[in-house]
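I have a structure I would like to understand better, so I am pasting it below and will then ask my questions one at a time.
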Amino acid sequence: MDFGQYQNIVTISVYGSAIALILIGLYAVLIKKNLIKIVIGLSLADAGIHLLFVAIGYLKGGTAPIFSPSVVGENVTMVDPVPQALVLTAIVIGFAVTAVALSLVIRLYKHHNTARIDQIKSLKW
Amino acid sequence: MNTYFVVLLILFGGAIISFAINKVSYLLSGIVAFIATASATVFFYLNVDTDNFVQFSLAGFDFQWGLNSLSLLFTYIVLGLGTLATLYSIQYMRFKNNLGYFYFNFLLGIGSMMGILFSQDFISFFIFWEIMTWSSYLIVVYNGNKTHKIGIKYMIFSGIGAYAMLMSIVMIYADVKSFLIADYIDYISQVGLSGHYLQIILLIVGFGVKSALMPLHVWAPKAYANSPMGYTSLFSGALSKMGVYGLSIVLLSLLTNFNTGENVSLGGLFEGINAEFIRIIVQWLGAITAVMGTLYALKQNDAKKLLAYSSIAQLGYIITGLAIGTELAVMGALFLAVLHAIFKGALFMAMGAVERQAGTTDMTKISGLVRKMPFTFIVTLMSIIALAGIPPLGGFVGKWLLYEGMITSGHYFLVVLIFFSSTAAFLYCYRILFGIFLGQEEKETINVREAPISMLIPMLLLAILTMVFGTYPGLLFEPIANAMSYIGYNDVVWEMSTISNVWGDKVSLDYVSLTIFTVFIVAMIFLTIKNYKGTRYVTTKDISTSGEMPTENENLTFQLNFFQPFERAVAPLYKRSMDKIYNTIGESLDALFNFVRTIYTGNGQTYALYVIVFLVIMLIFKDSIFN
Amino acid sequence: MVISPVHYIAVPLLAAFVIPLFAKLNREFVRIIPGIVLLYLSYVSIVLMNQVSSTGTISEVLAGWAPPFGINLVFSAFSGFLASLMTFMGLVIWIYSYRFKKIDDEPALKFYVLFLMLITGAIGIVLTGDIFNLFVFLEIVGISAYSLTSFYRNRDGAEAGFKYLLLGAFASTLILLGIILLYSSIGTLNMADIAQKSHLIPTSLKVSIFILFVVGFGIEAEMFPLNGWAPDAYSQAPGPVGAAFSGIAVKAGMYVIIRLIYTLFDIEGSFQFLIVMGLITTIIAEVSAMKQTNLKRMLAYSSIGQMGIVMVAFGIGTREAIIAGLFLMLNHAIIKGLLFLSSSYLVYNDDNKLISSLSGLGKRLPLVSFLFALGAFAIVGLPPFSGFWSRLYLLLAAADKELIYLIAIILIIAVIEIVYYFRVINKLYFKDIKVKSDDVQKPSINAVISMSILGILIIAIGIYPDLVTSYLGNAADALLDKAGYIENVLVDINN
């Protein structure tokens, strides 16, 4: 079975789902009124970006970028380790932001008794 | 140490000391202020030297301080009036609050005016100009509450003026690569005026605001009338003269000498403007200022406001004279500038005295103060004679020169305007004299006393000066001639006590004055003796009306609607006031501003949408934005 | 111990995490440790600034990996100037916030941890030589800033915090996307390396990356129309935090935009773009400030307006203009800092922070009002205060390039500033007193000290601008010396 034939489909589907995630996230942030949905949207867009980043670092047929006794000295293609490291960091950051966002949402709901963003605008002009 | 630094140090240091010492005693604050100005004056004139220039560099720019004969002329106004006004203020301000604050800004004002006169470069000129502006603003709002709108208006116009000047200054620097005023004058004389009109127009706007030139004058009447009078005498007498000082540099050094009638246009918005055109505009603006100032002065019931408008009118004469630019006209203008400082200073002080003693300067409320405040009356009388330009007092000489200058240079229509406003000035002058001092005494003013001696001394000194300069104008002609040699008029002819016209007639002023004074004094003694016993007291409101009984609150003083027929005649002129136009502009801007801020809707999602829309627009048009 | 730029990041970050431990020993440590840290950082600043002016840019490699692979810190005259400014502002704000509003130990702990993280992040942004590292620091700034904004657990604080977070999250998404595109096209994250290789990227892609970055960092730098969060956050955050935003956080965002334009990418039209965006930002913000009834909000808009002018200055791009821009940043930090700090006491007990509630406070709070007035005078650019010189430099730079319209707009805006600031001053001093004397909060001694430091600095720089001009000149040279930057990071280290 020719694995390369599916490679393109995999690549396309990875990129495609990354972009789809970003767009869905944007849609949620810009259109949905519920604060929770907006936060979910942010997380989705983040996830899409992370996926995109990992996909860029991926090389055809590459292995995990770990130096182990079995690969030292051999001519092995490894995927680019940098994006993976960065994405790990970015995921952590995204997690922290989401946590802060949710805590703010809770407080907003307490004070306003609503989670609709268009009703929370006592600060304006 | 250098004279300039010492003078500024005394004044600014005095400002801080009198601010601090106010905690100890209210009186000390004023005394310190007076000592500071007096000692600065004495020190300055002992060490004055027009060839002494100081150079230093700060923030990467070269600064130069020095004195020229033109600024020397203006130092007489600033220091002379400044000293007298501080002396006057000690008693005038005695029962008021925040005296430390008042004297701090007062001395800051005097110091910064001296700084302006010392500055030979634009940047220190501008710095001192701004210090002068905000310190005077702080005094304009000193009386509190009602004054804040007046203060804001003053600050807005000053801001517009100052920033117009700043814009011009930075453009000049871009051209000349130097801030020195002399360098700019040299530069203009070499490359000509073409392409530099915007700089000059902006400078004129900048100076025009301070000298209350139409249509930038709207801040002035209320600002003058609402400051404490001790300061207003300086405000109207000296501070506005800084505008005149600047204008005389711009109009004479820059425009007159190098105006060869060339018709180089600026292009674009300023198509067709040349030096002559600018000067004609300024002449006319000055004349219109004079006429409108006079007309509005006639309408006022409050003597302070009347004098404020009158100041505007007088500044109009001065500016017209400068803009005409012939030797006689300039001489007249500078003479009037000094004289205006003297007589208007005296008048504002006199009105301050009236306000302090009688509680108001509203001419419909008080009258007949001549017996209570005879010295103030004499001061007012003399200053008003000088203001109206009646011989033998100083104002006459100035106006004479101005008329001569205008007639000989063929500005007949301007003469008519100036003559009209000068004649109308008689009307309002008369009104002050009559309204406040003559007429019957009121019950309300029965307890009024003459002002304290320390207030009378500066007033009387100023009044005597108007007399001296009326009789011996040569005393003043000498520094003026020197000053004019600085701005390009060499060998100005003058005589100690004689004025002449082009047709060769000569009048010896000392004889005229002597005669008039003799007659006046004799007549006064005679009248005093004759009337001493036969006086009858009637109150103003003792008026029979036909059938109706006037109620208490109806003001039937004869001062009300004093010039009604005249006002009716010139009513159309009152209709369009610049003030209203500015107010309309202000209101519409306010509405616009209020609308703009609704961009910030308060909805977080909208803000997010802005980000995306902005991003998308940028991405779509990236090629045209970042070619 | 050798002083190195790493201390800027390591020390406060470490301190932020050990404060809770020390708090167990003695409650007062919560408040004292940040002060010690900031004093130490000030010392580091002085030492390093001297070193920079004698030996040139310091480039510090972290963890032994040489650039372009490892992360490095660059302490040049330019980034060092900003880092020192931030440290100084941090110190002043710490002095001020010591026992601010008598908050309990528990919130104080949170406040100082977040505050130290904010400073760490902002200084990190300025010093780092790695773009992903920069992103991380930006997020540190972001998270601590969101939390500080909603520090008071009231209704409006949460709202402002959420809006800030929403836009901040957008910013980080866009920046991350930009980083991905950048990495996929030239395979490096080191800023010097990017600067060296950015001409290899196809123009269209390069511009797209640039736009993503500018929009992302523009949110932090308060560029219109991305600054919806700013007025809310400034007006709801505690006073010292407002000062920290304008003096520290925003400066960091602005720094990145400057770096992007001057060092990283060489894109035609980016300077004009910055001028135009700066002008729009300023005009909209100042116009919005005009009719504000909320004092803090007015200051916020004024702050945005100032940042717009800073953008304009950097958009002009000549050495003089950069000096002007840096001078504006310095002035903005100290003057706006003073205004935020003093206004906190002016509206201490008014939840709506209304300007009308200031009536006659000049008599009740003479010193605070005086300092506020001093700040207002300085910010509208009246001489002899420091604001005047920066504006003069900017105008001269604009005149040099014959941008007459620019001069006119800046000066018209200055008139608008005069109107709304003097309205407040009038309220303070020349209106009848409305509040009772026990309703006002007298400033604590440390608040007075910190505000006085800023006030004295404003006057000192105003009278003798040469105090700072040489630093500014060096910083401008360092910024313009792109080749030197690349060389310093890549060549010197590798050898």
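Here the chain labels run A, B and C in written order, and each chain numbers its own residues starting at 1.
Keep this in mind: a residue touches a chain if its C-beta (ideal position, glycine included) is under 8 Å from a C-beta of that chain, and two chains touch if they have at least 3 such contacts.
What you see is a predicted model, and the numbers here were worked out from it, not measured in a lab.
Enquirer: What's the chain with its C-alpha centre farthest out from chain A?
Expert: So the chain farthest away from chain A turns out to be B.
Enquirer: So which chain ends up in the middle if you average the CA atoms?
Expert: Central by C-alpha mean position: chain C.
Enquirer: Ranking chain pairs by how many C-beta pairs touch, which one is first?
Expert: Looking at every pair of chains, the most contacts join B-C.
Enquirer: So how far apart, in whole Å, are chain A and chain C when each is placed at the average of its C-alpha atoms?
Expert: Those two chain centres are 30 Å apart.
Enquirer: Taking the mean of the CA coordinates per chain, how far is chain B from chain C in Å?
Expert: 44
Enquirer: With centres defined as the mean C-alpha position, give me the chain A-chain B separation in Å.
Expert: It comes to 70 Å between the two C-alpha centres.
Enquirer: Find every residue in chain B that makes contact with two or more other chains and list them.
Expert: Residues 597, 600, 602, 604-605, 608, 612.
Enquirer: Residues of chain A that contact two or more other chains, please.
Expert: Residues 29, 38, 120-123, 125.
Enquirer: Which chain C residues reach two or more other chains?
Expert: 159, 162-163, 166, 170, 231-232, 288
Enquirer: Quick one: in the complex, what on chain A touches chain B?
Expert: Per the touch definition, chain A meets chain B at residues 26, 29-30, 33, 38, 117-118, 120-125.
Enquirer: Looking at the complex, which residues from chain A come into contact with chain C?
Expert: Listed in rising order, the residues of chain A that touch chain C are 22, 29, 35, 38, 42, 45-46, 49, 52-53, 56, 82-83, 86, 89-90, 93, 96-97, 100-101, 104-105, 107-108, 111-112, 120-123, 125.
Enquirer: Please give the residue numbers of chain B that touch chain A in the complex, ascending.
Expert: Contact set of chain B toward chain A: 597-598, 600-605, 608-609, 612.
Enquirer: Where on chain C does chain B make contact in their complex?
Expert: Checking each residue of chain C against chain B gives 159, 162-163, 166-167, 170, 174, 204, 207-208, 210-212, 214-215, 219, 225-226, 228-229, 231-232, 267-270, 273, 284, 287-288, 290-292, 377, 382-384, 388-389, 392, 395-396, 398-400, 402, 404, 407-408, 411-412, 414-415, 418-419, 422-423, 426-427, 429-432, 464-466, 469.
Enquirer: List the residues on chain C that touch chain A in their complex, please.
Expert: Of all residues in chain C, those touching chain A are 132, 135-136, 139, 142-143, 146-147, 150, 153-156, 158-163, 165-166, 168-170, 172-173, 176-177, 179-180, 183-184, 189, 231-232, 235-236, 288.
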